[in-house]
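Below you'll find the structures, each written out as structure tokens.
Same chain, two partners: chain A is paired with chain B first, then with chain C.
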Partner chain A sequence: MNKGSTRIAATIVTYGFVGLMAFLSIFPFVWMLFGATNSSIDIIKGRMMPGGALATNVSTFFTQVNAPLVFWNSAKIAILATILTLAVSSLAGYGFEMFRSRHRDRIYSALLLTMMIPFAALMIPLFIMMGKAGLINTHLAVVLPTIGSAFIVFYFRQTTKAFPSELRDAAKVDGLKEWQIFLFIYVPVMRSTYAAAFIIVFMTAWNNYLWPLIVLQSNEQKTITLVISSLASAYYPDYGVVMVGTILATLPTLAVFFFMQRQFVQGMLGSVK
Partner chain B sequence: MSELQLNDVRKSYGNFEVIKGVDLDIKTGEFVVFVGPSGCGKSTLLRMIAGLEEITSGDLTIDGERMNDVDPSKRGIAMVFQSYALYPHMTVRENMGFALRFAGVPKAEIESRVGEAANILELGPLLDRKPKQLSGGQRQRVAIGRAIVRHPKIFLFDEPLSNLDAELRVHMRIEIARLHKKLATTIIYVTHDQVEAMTLADKIVVMRGGVVEQVGSPLDLYDDPANLFVAGFIGSPKMNFLKGIVEAGGTHVRLPDLGNAIIPVRVKDATPGSAVTIGIRPEHFGETGSASLDLTIDMLEHLGGETFAYARHGDGELIIIETKNGRGLKSGDSIAARFDPAAALVFDADGRRLR
Partner chain C sequence: MNVRTYLPRLTSVALAGASLLAVSAAEAKEITVWCWDPNFNVAIMKEAGARYTKSHPDITFNIVDFAKADVEQKLQTGLSSGTADALPDIVLIEDYGAQKYLQSFPGAFAPLSGSVDYSGFAPYKVELMTLDGQVYGMPFDSGVTGLYYRKDYLEQAGFKPEDMQGITWDRFIEIGQQVEAKTGKKMMGLDPTDAGLVRIIMQSAGQWYFDKDGKPNITGNAALKASLETINKIMAANIYKPAAGWSDWVGTFTSGDVASVITGVWITGTVKAQPDQSGKWGVAPIPALSIEGATHASNLGGSSWYVLESSAEKAEAIDFLNAVYAKDVDFYQTILTDRGAVGSLLAARGGAAYGEADAFFGGEKVWQNFSDWLAKVPSVNYGVFTNEADTAVTAQLPALTQGTPVDEVLKAIDAEVSAQIQ
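Let's turn to the complex of A and B:
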């Protein structure tokens, strides 16, 4: 085989692989869109074309689900979890990077080690803790365990390495206290990092399923992911309605991503320019 | 009255001492340059004066008031950093007025001071731009402007020209000198570039290993260095150092690396046979003088107005000769490099100057 044909073969393999990956990524989304327009029977039969049942599915969804309430519940939890996680984790990341102490690296390593503990191992102790605190069946019980995110602390510490220490020195000479440096210099300078972290944390909190399933027991407290799951696990699940719910549940995270994608990319590349 | 005083100021990180007892008096309006090689402690000392590093022991006083534990913003200083340290999310105007806003200065006063500094530094048209829209030189001017608006008693400059290209460095150097003349404020300036030190300073503080080696005016340090380190550090190209042995009577020195040439350099109170170092500046070589070295030219640098000849004796060390009449010279030429023995400096085996 000569050089030219080897190159063509390599290109075909590369494009084939990339195409397959793209298909695998897009297929569930397309299926969701088509599914929302078809009846449950058509979906089970594997129909992959737009159908005429969209209006029925939407109407059934809004009849079966108290949509404003579950979306409000999800939004409340996601926004609260995101704001608190960013506040706590960025302060921790800033602190770990800026302040030297003898035990800093040991504490940081211990924090990173918590990422290795599977959530399944934490569920029961967490549930007992929340029970003792009287927080079962409250949104606070969903939010609290998520705000000290080791990954987000790690992310902020790594990006803080690019924060010029001379900015902090200049701010000190300008008369700012440490908390003012954080608030008025660090936060605005690192806004791309915050944007990227916002998207990651918001999506995780919005899609959170297992922990809310455990701690939220009454229908008034449930989130959209729990409601969709209960629709899908009904005795006769209506997949068209489930797909409508899924589309509606996807919209907020898509909107957040589209509004912040430029900042997200910048944040991932390193925020300080 | 001395405006700034350092009395036996020391700085340690754990058991490692980086500033080893500095005593210094800086008078009102002086332009003082801390100079020395990387790691000599000059920036650390500046940061200690600024309040960005704690002073382990000793006293720092400004206008007679002990400042060791005073907040940086209350010391009456303003600092210009090497990387400019402009707040990237603020415009030039906001950057310059930021410290005043925090100090509770009325808005009209801030506007007036920012306008005044912008006029001095010709920053008027740039006031509404963000730092990323400015060139390196413009950013440096904004950093200086940010310092000016605070009306400090002392300006601290930490290698402010290091990030600029050669042409801009010269330009900004002149700007800073002009600014000092105009504001007549005390300036403490850190650099590793001895040309900057020579051209800007009223007083140079040469540092090495956390110790002040010598303090003096640029020409004092150039003409009368206290030791081998200062002699080698001040001046470009560097002073030539020749290893020598004191001859009997102390009136001549033998140079073993230069074919045992004997030069008539008087060494006071030296034991015959003791080792010394003779220092000769490149411009002190010429066609006249009672001392002479037989050298062969290795390489030439023609700068137009002058020529630097790099010459050696046999396989010995290179000796730099500066001459105005070097256009006719060629590599491989043998020359007799003459100098006046009175211009030669003598250092003992420990590098101390023998006067």
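Let's turn to the complex of A and C:
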């Protein structure tokens, strides 16, 4: 076997593997798109072609679901959670890296340890807390427990390690206070880190299911994930309608991702070059 | 930009946002209900609520729909946390899980024995919500079973509708073999990972995975043994079309590939969803075992309404359930016609919808038949661990079909159930 054919074989294997992986990633998405255009019975039969039921499915979805309200609820929660999480957790990450103290690393380890507690174990105590605070069935109850995110604190601390301390020193010499340094030096420099964190937090908040389910009690407060779950669990679910809902629920996260894609990749590589 | 004005403004925006979110909705005389399935339970409860509001204008209803698993999760969390205002006034619970909630959370549900006349309901529905002599809950939809069969296929094989009445399982299998010989169609669809048929056959002989005291009743359970033997015979005679999962199983009869379906009455809507099969279907009582206590009536699935003891509108909720679900015969006609729901109130059969002859079933009065069978479903104790037992049975079904003796399969199921419920 000569070199040329080895290279061709390697290329075929590589492309075959990449193609297979691409197929595995894209297939559910394509199936969702096809599903939205087919009637429920055709979906059950496994029809893999665009059908003619899109208009019916869409109109059924909008008659069964108060879509503007539900999407407004989801958006409100996701945006508020994202802004608060970024504000609180980036400050914490900044603080952990910039300030030295004797117990810093112990506290930091304790913080990271909280990531290992499954949410199911926190759920009931958290629920009791929200009950005592009178926050059951409010969107605030959905948002509050998420804003001190150990993962995002960790992410910001790690990226802050690359933040040049000379910038901070120079700012201090110029007479800026700590919060001014944070707001006017750190935040602009780290904007691609913020963008990446924005996508991560937004997607988590938008797709969050278990906690909103537990804490939200009325139809008026429900988010899109709860509505789709309810549609899909009927004795005879209309899968076409479920697919329409799923597509609509996917769009905002897709939009956020495409909008911030460049910054996301940069953020993952580190903000400061 | 002026730095000094920036931060306070940000804070005030955040605070305003937070106060906008803190909306709470609590009205004095509103009954909140949690249930699942917008086209079935939710729609039916809305109908019931509308009827009650007509005579009691001061009482309105807030029907909240979640997925079934979600209702269970929320109920579990609400009850465990002891946060009373986190619970609805009325909640729908699946019958198989009723005892689990009643026994795990004593005092959480309001006993209705004093308020409701339970003699009007199918006895098995009342039994499953009884604990220590108290009846909790309002019986709702029934999964009374029937043998749906294709008259045309059976006729080709030489059988008349009379031949399908009051048969045994052995006779059913014989008929199945002849149907296949004459028409090439299998007798039934069967999903080997679903223990539904085992439950149907077992309950038809008045037994369950648990005895009256809630103790596992497996190795000495003649009805369970006979059910497994029946499944074995069906498989050995090869009169079934295998199905993988629920949708596939539904496809076996909607496509016309099999000659019969044995399941709960709630399947009627799906059977009738094939207009081209109109007039070709009949309904008979399900086959019986040949053991002591065997009957032609059983149940699969079904759920009921429960009132929370902590509810501020407890009295109104009970009065509402009593007025509509225990008395309003006309309501049962509406939900049968609109939603295909068969309730558990026996008097409902006196209404117009129940008396109608159904052209899809060749003019048979199928609802009268189902109503007859409803009263005859044997009462059993579903116990606390029906789902666990079901999982154990499903896990052992493959061993059964591979020739493991039934007694050994029973022992394995027993071991698995005992391990799970400790």
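Assume the second predicted complex is superposed on the first by the 256 of 273 C-alpha atoms of A that agree within 3 Å, B and C clash if a C-alpha of one lies under 4 Å from a C-alpha of the other, contacts with A are read in each partner's own complex, and residues count from 1 in each chain.
One rule holds for everything that comes next: a residue touches a chain if its C-beta (ideal position, glycine included) is under 8 Å from a C-beta of that chain, and two chains touch if they have at least 3 such contacts.
Computed from a predicted structure; not experimentally measured.
When both complexes are superposed on chain A, chain B and chain C fit side by side without a clash. In the overlay built on the shared chain, the residue A:124 is in contact with chain C alone; chain B does not reach it. By the touch criterion defined above, A:111 reaches neither chain B nor chain C.
The superposition-derived angle at chain A (between chain B and chain C) is 160°, Cα centres, a multiple of 10. Of the two partner chains placed around the shared chain by superposition, chain B is the only one that A:173 touches, whereas chain C remains out of contact.
Legend: residue contacts after superposition of the two complexes on their common chain; A:164 is shown touching chain B, with no touch to chain C. Looking at the shared chain after the overlay, A:236 reaches chain C, while chain B stays out of its contact range. Within the superposed three-chain model, A:189 lies in touch with chain B and out of touch with chain C [touch as defined at top]. Taking chain A as the reference chain, the count of touched residues is higher for C when chain B and chain C are set side by side. Using the contact criterion defined above for the overlaid structures, shared-chain residue A:54 touches neither chain B nor chain C, since it reaches no partner. For the pair chain B and chain C, the minimum alpha-carbon spacing after aligning on chain A is 9 Å. In the superposition on chain A, the residues of chain A contacted by chain B and by chain C overlap at 180.
By the touch criterion stated above, chain A contacts chain C in their complex at residues 41, 44-45, 64, 76, 80, 84, 123-124, 127-128, 131, 134-140, 143, 179-180, 183-184, 210, 213-214, 217-221, 226, 229-236.
Taken together, the chain C residues at the contact with chain A in this complex read 3, 6-7, 14, 17-18, 21-25, 32, 36-40, 62-70, 73-74, 77-78, 80-83, 85-86, 88, 247, 250-251, 254, 266, 269-270. Those residues of chain B that touch chain A in the shared complex are 47, 50-52, 71-74, 77-79, 81-83, 85-89, 98-99, 102-103, 132.
Every residue of chain A that touches chain B in the complex is listed here, in rising order: 164, 166-167, 169-176, 180, 185, 188-189, 191, 272-273.
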